[in-house]
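One chain, chain A, appears in both complexes that follow, with chain B as partner in the first and chain C in the second.
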Partner chain A sequence: MKYLKLKATTFLIAASLASPLAAQEAGGRLDIVVQPEPPGLMLGLVQNGPTQLVAGDIYESLLRYDGDLNPMPSLAKSWEISEDGLTYTFKLNEGVKWHDGEDFTAEDVVFSADVFLRETHARLRASLAYVESITAPDPMTVVFKLKEPFGPFINAFENGTMPIVPKHIYEGTDFANNPANANPIGTGPFKFKEWVKGSHIHLVKNEDYYVDGLPYLDEVYYRVIPDAAARAVAFETGEVDVLPGGSVENWDIPRLAEMDGVCVTEKGWEFLAPLAWMWLNNREGPTANEKFRQAVMYAMDREFMRDVVWNGYGKVATGPIASSTNFYSDDVTIYDHNPEKAKELLAEMGYDGEPVSILPLPYGETWQRWAEAVRQNLSEVGINVDIDSADVAGWNEKTSQWDYDMAFTYLYQYGDPALGVSRNYTADRIKKGSPWNNVEGYENPSLDEKWAAAATMVTPEEREAAYLEIQKEIVDDVPVAWMQELTFPTIYRCNVNDLVTTAIGINDGPRNAWIEK
Partner chain B sequence: MTIFAVIASRLSKAILTLLAIAILNFFLIHAAPGDPAVVLAGEAGAADEQMIEQLRERFGLDQPLYVQLGKYIAGIVQLDLGYSFRQGAPVAELIADRLPATLLLTMTAFVVSLAFGIAFGVAAAARVGKPSDTVLTTMALLFYATPLYWLALMAVLVFSVWFGWLPGFGYETVGANYTGFARVIDIAKHLVLPALTLGLFFTAVYMRMARASMLEVSQLDFVKTAKAKGLSDPVIRRRHILRNAILPVVTLAGLQAGQLVGGAVLTETVFAWPGIGRLMFESLAARDYNTILGVFLVSAAMVILFNIVTDIVYRIVDPRIGARS
Partner chain C sequence: MWKRFRSNMGAMIGVVLLIAVIVIALIAPLLFPDGPWQMVQRPFLAPFAVDGLPLGTDTLGRNVAAQLAYGAQVSLLVGLVSTLVALLIGVPLGALAGFYGGYADEGAMRFTEFFQTIPNFALAIVLVAIFEPTLFSITLAIAIVSWPPVARLVRAEVMSVRTREFVDAARLAGLSKPRILIQQVLPNTVSPIIVMASLMVATAILLESSLSFLGLGDPNAMSWGYMIGAARTVIRTSWWLSFFPGIAIVITVLALNLIGEGLNDAFNPHLSRKGKA
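Our next item is the complex of A and B:
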């Protein structure tokens, strides 16, 4: 029921920033691992994980979100959604300055959303298709008018989705080749200082930050350490203070967590909500048969895989929507570990032992082991499995050209099924050349209509009912084999306080973080 | 032929070789499956056709392969290694950024391994069959056979985690802002573990080669003559045996020296050393064509250069080589 606070009646939230308490201590330096090294820091141009991690301190968006995905003020101090769900009005914080000293105004927001990001940001572009106009009636007000209601639009103001970029630097330039990209200018709590390629990125406190007292930290270093074992050692020796999710292999986590003064949290992934699944090629081979796909689901002991391969971190998936995403329901067919049922289904379809291949995700040893666990489970019910291999570029090539039987992947959900889920299941998203659309080739025209309708319903209640129906139906079809909701624990020293306070966790963590001396 | 004529003829051949290498590399890289635009877009976890098309256009991948090759060759002829669209910087700049760290690491490892390798080899040969010889050769065999990766991790574990004597990774203390001599000391401390790890293997190789070669030469007639003349053992070893025995070591050292610039991917990765080997490896994973080609070309140029240098060293060590040709 996390959408309750989002009722489509007109509402207004006053700026209610965490009031600084006496206990919080200013000063100090935080060393955070960043892996791999980001290709660039201009968040409007590059939105991969490492870039969001570092540039999330430099750039800001209109809103932030708490762990239940409720919007909180950021560059916008208050906002209002009209009753018909068509007009979003934002009042901006006053006295905000860009890192080069220029004033931040509503014109920057209009330019960012309407001009810059429309050209550079594929994911936002999909949401902007619902937008009729973006205007700035006065320097502190921005109005987004939609063509039709689009419920998830309130989630589009997150920093990785709609980072606000400076108009005075980018207007009329070639965005991708603007020399300013090497020296990013944002409004965020930290300023870019230096990037020693292959070693570290140095950010320093923005003394003119518009929230009094913030940030507490004097500086943040993002450290590039390419080897997973070396990253674990860096944390052990005290060289770094924070290991963001996914920095070390899973089997190292318990050992590090047991050290004195070390804390672990699984929070901070609610907005992204990474869900892992295996694409099952719906076009050809045994995987084209629905019974075979169901058999795969029953054959797998996904609890065991979570406990062993992922060291107990994560949650077995029940369907296409992750439990922290809005409109999730577990009122669907549950695929428990049932080898007998799997064998029955295989016998019914007349499976002749034709081998299928599994393509693991080339993101490290954990993923390799996961594929091996699946192979073992499947061979127990009589499915012949080969494990394929490829590096990242090869994996992209094979999946986007549909050259696979079963392939591991995971994708982010961005808080709403219309933003991060439907893109993998509707027929209009079947297109070669991209590994983020309907790669499995699942076609279900009646569901396509329901996905489209659910996105534009006005009230959350209507949407909830529509998504429940969709989840029930699609889970029976098994277009892909849903594996688990991934959680990537953040490991940090316990004297670092308030590091993970929002739905994007450490990506905007240093803003509020403070070190207890 | 004078030494200058040799160099001139070698250099002119070298330019043709380099061009051939550049063309071959170009086709090899493009033959690998994968598309840099999709990799770059993929890291964002979402992309539409418009984005992929934009990226391809920016990278110049929308043009036929021969046009791309033509542009690339035209570039390198003008000493322009191209632009890394992934990193948003000229390739030459990226390489120049990483080169000092790589050279410091590999040169140190090279010099240390050459010096210790020859010294230990000569020492072992002089005491052939004695316990000290057995100890030295056993150690050499051990370091020769141990995987570099394991050795590196153990070194970090022992010297950095357990004893805390030396920093386990990085090039210098991040954020310490040391200057002058303090900085030199700081970098030197960081250099110890990676340079030793990288150097141990080659120390073992040079030592074994030097020892075998010393033993072989010491059986030759001219050594007996020298002894008969009444020269002392140390003088014979240094002036007669070593000078003749060193040639195979020089050959091998020349080969290794050529690879110095290519970096040491494993060592640089484990020790988070910001060198060129990692740049190459990461660019390869991202299919950052221009950067990989740039690193390959610079490495190839260095291999050729060091081959020429090796030939010159031969002539200095053994004047007969120049006289014969």
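Our next item is the complex of A and C:
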């Protein structure tokens, strides 16, 4: 009872402290785990996860996105899309300076998008194929003209997709070998100070940042700690303040979350929206049969897997598009856990007990357990299942050479079906040698046309209708077995406020974060 | 000899324990007809928290008792078969080297040393990683890393036996060399081989567990090492998941060692007495 009372008062105090009246406090230092150590910090050249995490504070793009993927100002203070969906006009913020003191202008944007990133950034290049011209009519205005309408283009101005790099440093140089890459210069809220390999990356406050009062923090340390258990301990002992998603084992999350003054959020993954599924080989074996694939969906207790394997974090997938991605709909056939139905479907197709194999993703315990749970569910309806094993290289080889029956994977969606979803289902993306395209070998010519059409429709309403139709049809075909939307919870001390406020979470979190003393 | 073995308290305890493990392994399918992978209850149930689950459930809600029983099958199978294979390689090689001497001896011993210079466990890891981890490849890898000591032991024994008088007698009687080796020499080297084999089974079980612990086990076979490896990440919250398989390994390996010691004493009464004095 005494304990309860104590708790109640702490809550009251906590509540009063967290009231909106509390002013943001400036100052302080934030220690964030980065795992693994990034290969480089020049965001225009490297875009893997750890690089985006650290360099997201150094570089900026034209826009940021809130949790519903609505664009927010960043380097651009306002923007306009013409009626026909062909012209994107951005007005830039005034008084923005590069970290070396040079002025930032529209020329930097044109150089970054049209020259630098076109050469270095494959994912952006695909979107730039729709672009006819990028121009700077005046130093504070940038205009993108498109060849044909491309709805997802508004999502291309995210920091990891289109980081703006300084023209005065890179123009006319060999981008990949420019000595400035070791000492990145951006416009962001924090400046690069020092990188001690194997230990930490030190960023300090950009005193000349163009948004008044921001950032609040004096410095940010990104700490390199190679072992998952050691990272958990570092958080427990107070050595680090923030564990970004994926830096500790799932099983450790509840234990850390129960500590006093520790908060957990699943937000901050809306833009990437990682969706996990099993490739089902549509070419041969039992998985080539649509009834078998549907039976697999009914046989699995995906709620249970989410609750047990992922400790309740994540959301059971309903189809190819994640719920945080634009144009998601759950108005589709829902595959609940229904072993009877699965058995019926298997009987209808005349399944003869031919064994199928599952290839787990070689990313550690969680994925192995997940495959074991699936095997158990499938064997309960009479499917003979073996688990294959492979290391990362073996997994890449087997999936990209189509040498599998069922194989786990997960991919990012980048906010729009045309950017991160259709690539896994259209026939033109069937290509041996890559594990990121239409690996399952699903061919549906009428859907191919719909995917293509939906990408270039002008208004969001039209696109919405088109994608609804696509989702309804593809969910019935079950080209792959959609498992769940993954969330990688961020664990942090509750006195760190406003850490995760956008769709890319911690990647641009320190900009607004402040520490309550 | 059996009398001497029987009078050895430790050895008898070992036999009882080993028989218990063997029985559990044999009747596992009767005790737990659903197999070790069946998810039966909520995950992370502590021992005795729910009736019928005396050892609790693991990270996926699987019955730890069932896993232990099926794990016994894998451990014993791998231990016995890999030892047998190692003997099949080591005994003939050591016997030939010891009996014929000269180039045969040189060649065989250099070959053996080649394997002995590579750390056992490292070689086993590499072998299993190259082949895909299946029960077959794991057994083979363990056999491949454990035969060299057998070859050396047999060679030494054969060398000492072949100079005895009864061998000379056999030679004078006109027996062919291979016949002398097989009929006269080898039978007299059996006792140290048996002792060594019983200890090798224990080592093999440990090796298999270590491989599974590192995630190099057969993903379709429940083994004790796998259980500990899977429980490693939750050791602070769910101690029983690594404790029970750990105990199972300790008991089995201890039993085999006790038996090995007992056999050694029984075969070499003089040595054993000296040891005790």
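Everything below uses one rule, namely that the second predicted complex is superposed on the first by the 495 of 517 C-alpha atoms of A that agree within 3 Å, B and C clash if a C-alpha of one lies under 4 Å from a C-alpha of the other, contacts with A are read in each partner's own complex, and residues count from 1 in each chain.
FYI, contacts are C-beta pairs under 8 Å (C-beta built on N, C-alpha and C of every residue); 3 or more make two chains touch, one makes a residue touch a chain.
Everything numeric here is computed off the predicted structure, so don't read it as measured data.
By the touch criterion defined above, A:290 lies against neither chain B nor chain C after alignment on the C-alpha atoms of chain A.
Once chain A of one complex is fitted onto chain A of the other, the partner contacts of A:255 are limited to chain C, with no touch recorded for chain B. When the two structures are aligned on the shared chain, A:107 is found in touch with neither chain B nor chain C. In the superposition on chain A, contact of A:431 is made with chain B only, not with chain C. Of the two partner chains, chain B is the only one touched by A:226; chain C is not.
Between chain B and chain C, more residues of chain A are touched by B. With both structures placed on the common chain, the touch criterion links A:373 to chain C but leaves chain B unconnected.
When both complexes are overlaid on chain A, the residue A:464 reaches neither chain B nor chain C. Overlap of the chain B and chain C interfaces on chain A: residues 229, 390-391. Only residues 29, 31, 36-37, 39-40, 46-49, 122-123, 125-126, 176-177, 181-182, 196-200, 202, 219, 221, 223-227, 229-230, 233-234, 236-237, 239, 390-394, 396-398, 400, 411-412, 423, 431, 433-436 of chain A touch chain B when the two sit together in their complex. By the touch rule above, chain B contacts chain A in their complex via residues 32-36, 38-52, 58, 86-89, 94, 97-98, 101, 153, 156-157, 160-161, 164, 167-171, 174-175, 268-275, 278-279, 282, 285-287. Per the touch definition, chain A reaches chain C in the complex via residues 228-229, 249, 251-252, 255, 304, 308-309, 360, 365, 368-369, 371-373, 375-376, 379, 386-391.
Taken together, the chain C residues at the contact with chain A in this complex read 37-39, 43, 59-61, 129, 132-133, 215, 219-220, 230, 233-234, 236-237.
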